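Single-structure report; data block below.
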Amino acid sequence: MREITYVEAVREALRQAMAADDRIFLIGEDIGVYGGAFGATAGLIQDFGAERVIDTPISEAGITGACIGAALTGMRPVGEIQFMDFITLSMEQLVLQAAKIRFMFGGKASVPMVLRTPAGSGTGAAAQHSESLENWFVHIPGLKVVMPSSPYDVKGLLLAALQDENPVIFIEHKLLYKTKGPVPEEMYTIPLGQSNVVRPGKDLTVVATSIMVNRAVEAANKLAEEGLDVEVVDPRTLSPLDDSVIIESVKKTGRAMVVHEAVKTSGFGAEVVARLNESEAFDYLEAPVRRVAGLDIPIPYNRNLEYHAVPQVETIATEARKLIRGEY
Amino acid sequence: MSNRSDRQIITTNGETNTSLKDAGIPDDAAKDLLMKMLLIRTFEEKAEELFSLGRVHGTMHLSIGQEATAVGAATALRRGDYLLNTHRGHGHCLAWFDTNPDLMMAEFMGKETGYCRGRGGSMHIANVDANNLGANGIVAGGVPIAIGVGLSIKMRKTDQVCMVVFGDGGANEGAVHESLNMASIWNLPVIYLVENNQYAMSMPFTRAFNIPEISQRAAAYNIHGVTVDGNDLAAVYVAVRDAAERARAGEGPTLIEAVTYRWRGHSKSDKQAYRTRDEVKEWQAQDPIRRFAHVLGLTDAQLDALRQQAAERIEAAVAFAEASPEPEVSRITEGVYA
Amino acid sequence: MREITYVEAVREALRQAMAADDRIFLIGEDIGVYGGAFGATAGLIQDFGAERVIDTPISEAGITGACIGAALTGMRPVGEIQFMDFITLSMEQLVLQAAKIRFMFGGKASVPMVLRTPAGSGTGAAAQHSESLENWFVHIPGLKVVMPSSPYDVKGLLLAALQDENPVIFIEHKLLYKTKGPVPEEMYTIPLGQSNVVRPGKDLTVVATSIMVNRAVEAANKLAEEGLDVEVVDPRTLSPLDDSVIIESVKKTGRAMVVHEAVKTSGFGAEVVARLNESEAFDYLEAPVRRVAGLDIPIPYNRNLEYHAVPQVETIATEARKLIRGEY
Amino acid sequence: MSNRSDRQIITTNGETNTSLKDAGIPDDAAKDLLMKMLLIRTFEEKAEELFSLGRVHGTMHLSIGQEATAVGAATALRRGDYLLNTHRGHGHCLAWFDTNPDLMMAEFMGKETGYCRGRGGSMHIANVDANNLGANGIVAGGVPIAIGVGLSIKMRKTDQVCMVVFGDGGANEGAVHESLNMASIWNLPVIYLVENNQYAMSMPFTRAFNIPEISQRAAAYNIHGVTVDGNDLAAVYVAVRDAAERARAGEGPTLIEAVTYRWRGHSKSDKQAYRTRDEVKEWQAQDPIRRFAHVLGLTDAQLDALRQQAAERIEAAVAFAEASPEPEVSRITEGVYA
């Protein structure tokens, strides 16, 4: 199959969806002629015009409100928050308005909007341009949270998000944009709320999100050479979370580890640990579920410190090895 | 530019009412408008009573004394236009198109038959079918949303307008700045209606602002700005009508400041230590309902008769609400996701 | 000992601290003549004047920034966010500035500020005035998070927070304000980061926060009549979390339950479950740790629905009974 | 009121420089100011080179072409005043009191000897000992913080002032509205310096605003507003000096718009499709450094000699940085909490 990059897959999904549904429009900072800080919308203003690819002033609350108001009145807005860090300026509109309007109005309104934003560290942009805040949104009923890890997934999940009737926080990863993978040319959707077994294995279940999926698979391949057989599960949608696949996997492997880039304390990993504890998988656990996550610090500027602030392939491999060998 | 932000100031002196003829309001229609104000007044007096009797819980924000702004504004718009309302929104909601007081009262009392199935309550009453996009518990919470409604109108190429209401206090939220700027650069059909009722909870307008009129801020975005007497129904009507005409003609947004006064405490837990009884009395002397009745040349008896009619309508709404079922706990998780 | 209410204890702590340290000032909406939406600052403007009890316009980001700037330049600001819901408007300043400044500046600056805010439901104010967002802040390195459950604790913890060199999110509960308890008249501090065994017991450890501590104790007293002996632990400080007390307790009881008002998914309870899994307490667990928390919905307006949206005494008692009796 | 918001406009035409005599800048001091501009220019040219050689990572925002604003502003203030800086802050940082280029370059290169021990980098350089409260990666992120610095100055009863710098793009963030209003009602000693360099990343000033000058927004808060030629060092100096005098005299905040231009791309990943080469050339013809050298009557040779001096100072800074140790990974968790 044709291979394209993650960012090209995002762009293709947007282009195809906009061509098919003229209720869809894009709004955000520098998404027009500039093509978006990471190029996700490059060329779209040429294809669809400035009416449907709207460059905004630097007003994140305004961008978010614009999406809500348009969604409430028949449109299908796709907002872009240039870096996930800046979503901190959208929280009132997202959490108190977008997420709650339907419930507060007795189910009589819906807010079909997608808010795209790139998360993660590794670009040397330091603490205010490297946030991974997904778990905040998983904690908010009314929002859906999607975190694609591959070009194939990002296209299918974005097209699904664009058909969803709810506000969707669509979290891309800066370091994934240039990664390549097979992606069908036609439109297709990956239903929100379906976890994906990325790599089958029998000794350990690694639940990983976003870029950590790739690192977990790499670690698993290393460990395979040592005869250790690791299964990697990618939830893809963090909310609603399809934990059935995770639970089944753990019942099979008897061991589980969660890996994410966000800081460990009160991160998404804790929710996965709790879900496994509450599930029938608990009786199959031969060892406690481990969390491998970002250190509890802001992301440092220095390249070497930045590298060590979040899980790398080696970290995952080491922890997985220990866990399988019962070295805790 | 200057012509876009010229400001007509209308005094709040109760004697100088805008004449209905100048406003273009036919006398027969005027009577309905008075009735609407009375409906709002009696709805809120009843709400207050129900609250003190412990028959509703939570809190509420009464707009008693501000009825002319709500009725004047809604009357100047068309069915199909959009409303984004505030926490102090009973008046705007009742003044809006196709609002059924029964369903409003049922919502206020938390019943399944209410506009929001009892999930929203006083601060969240919405009637989406009538493009009433709801009251908002967040000060200025609807203001950024207005950008999107305006954009959507433009993209759908309809001649609708969106009116977003907020208070003097709300005007100092950062989101208002972002919204006014975006509406200006994109020329959106949005009417920003600031109800300056002199206080944000306990904060006097004069301490929260270093300018005499909020409408002056329109110039910062090069949009139309106007301050009107919010207790003069016809004056509010004219300002909103003109703003709507401009918006429909593609001439962009307007910032309207309606100068009025909150007669009651901010909410039910307000001791009002921040103002004097005399000040309240002075403003009550400018009761927008009496002023409008005066314009219509009604006698007190005639006014009381209408008030009686309104009271009966509200009693019926209460009866409907009380006869309505409570939401079922078994359905508590409904409506979170579509 | 003299008994006063929770809100009186807050006020007394503020008054005593302001009298002792003139770097301390209060800033927020309606905290002056009005005395604060819940009366916490009543009378303080008379005692300390409008220079030290500052009423603000409705500008939550501004209030937060005001605290940061003052803290950076030698003052000890105490901000009040009138309802925790509105802290969504402060997130950029809190999370990207207050929490990170020290780290980003290489440890060469500090931001000693306290942001007080009332959380929780039960007042009939519906979805936008009932949030419990504590776990968002626990997820942010650089912030401390305090959630007092009694008049005694709220005074001691607030006085400790006022001496802390870091930004502290101080979360009060609306329904606790009127609760009474013994409180020393003199100034005293309860160190941040010390969990507290509120009620000793041997059959089950219930970790509860804020108002849920009171409900858990009530439930425990009921269960005592049935011969079930429940230990209730109140972390008091959610970040940094003193999990040693929790772990010791669970090693003793062999069973654990976490109770909070915030929605269950990705709430603080998940972090406690994960900590227990990673600790030596895991081997002592006779049953999986349970979470008893708010439903995954916005808080409804209707009184009855609101009541059922969050854990009540009966809920806790029922779940505890099941857990002890192994009825899962 | 009008007198508080009158606006002196100074043309950006390169020929009309404010004379040093009018500005009250002695000729000998002027030479140091030119040197400061050259130091900034060469620091950033070197930063650019190091980046392209792959010797620094991440991104950076160069203020080349905007040096007159940075130097003019800092020169008008006193040691002990406060600075809140932007993401494009190398210039303001170098122009500020007691800044050591060695420690700046070390921070830029992520070394332990840097101002922030390599934890902050280009977007976060701070020198708290000199009341330089840091650059900020968040557009307008320092603007709400300025309220607190202003309040603190008032409460401590010193005669300090706080200067907060932000861009034209930053001016449309909601927090700016909240900050300007609070500074106005409380009469805070804050100088709001907007560097209008014509673009916010790719967004032209003319599309993000519907007003010709950002300083017009001062009237919305009834504070002083002024627009000056940001490439005329003396003009910026005068505006900031006057604002500081007013602030120290208890006359409150000022909004200063410095009109300038960003010569380089927004950051290292900018193809600049949103503007023409000719436009860039036109503005480069107004090189603030050449303009100031012209005012000083320096020959090209004399200017080059000074440029050489600056380059040597920067080379020394690079040498210091390169000789400095990297932060130790074992100490990665330091500095999160006090």
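A few points about this structure:
Chains: A, B, C and D, in written order; residue numbering restarts at 1 for each.
By definition in this document, contacts are C-beta pairs under 8 Å (C-beta built on N, C-alpha and C of every residue); 3 or more make two chains touch, one makes a residue touch a chain.
Note that this is a predicted model, so its numbers are computed, not measured.
Taking C-D and A-D together, the chain pair joined by more C-beta contacts is C-D. For chain C, the chain with the farthest CA centroid is D. Separating the CA-averaged centres of chain C and chain D is a span of 41 Å.
Averaging C-alpha coordinates per chain places the centre of chain B 45 Å away from that of chain D.
In this assembly, the C-alpha centroid of chain A lies 30 Å from the C-alpha centroid of chain C. Chain A and chain D have Cα centroids separated by 37 Å. Counting partner chains per residue, chain C has residues 56-57, 59, 61-62, 85-86, 89, 92, 96, 103-104, 126-128, 141-142, 296-298, 300-301 touching two or more of them. Shared interface positions of chain B, defined as residues touching 2 or more other chains, are 116, 118-120, 124, 136-138, 141, 172-175, 178, 181, 185, 207-209, 336.
Of all residues in chain C, those touching chain D in their complex are 25, 27, 51-52, 54, 56-57, 59, 61-62, 64-75, 77, 92-93, 96-97, 101-110, 112, 141-142, 144, 164-166, 240. Interface residues of chain C facing chain B in the complex, by the touch rule stated above, are 29-30, 32-35, 37, 55-62, 85-86, 89, 123-129, 295-298, 300-305, 308-309. Per the touch definition, chain D reaches chain A in the complex via residues 57-59, 110-111, 116, 118-124, 136-141, 169-170, 172-174, 200-203, 207-209, 269-271, 273-274, 326-327, 329, 332-333, 336.
Within the complex formed with chain D, the residues of chain B that make contact are 1, 172-178, 181, 184-185, 207-212, 216-217, 219-223. For chain A in complex with chain C, the residues that touch the partner chain are 85-86, 88-89, 91-92, 95-96, 99-100, 103-104, 126-128, 133, 135-136, 138-142, 239, 241, 262-263, 265-271, 273-274, 277-278, 282, 288-291, 296-298, 300-301.
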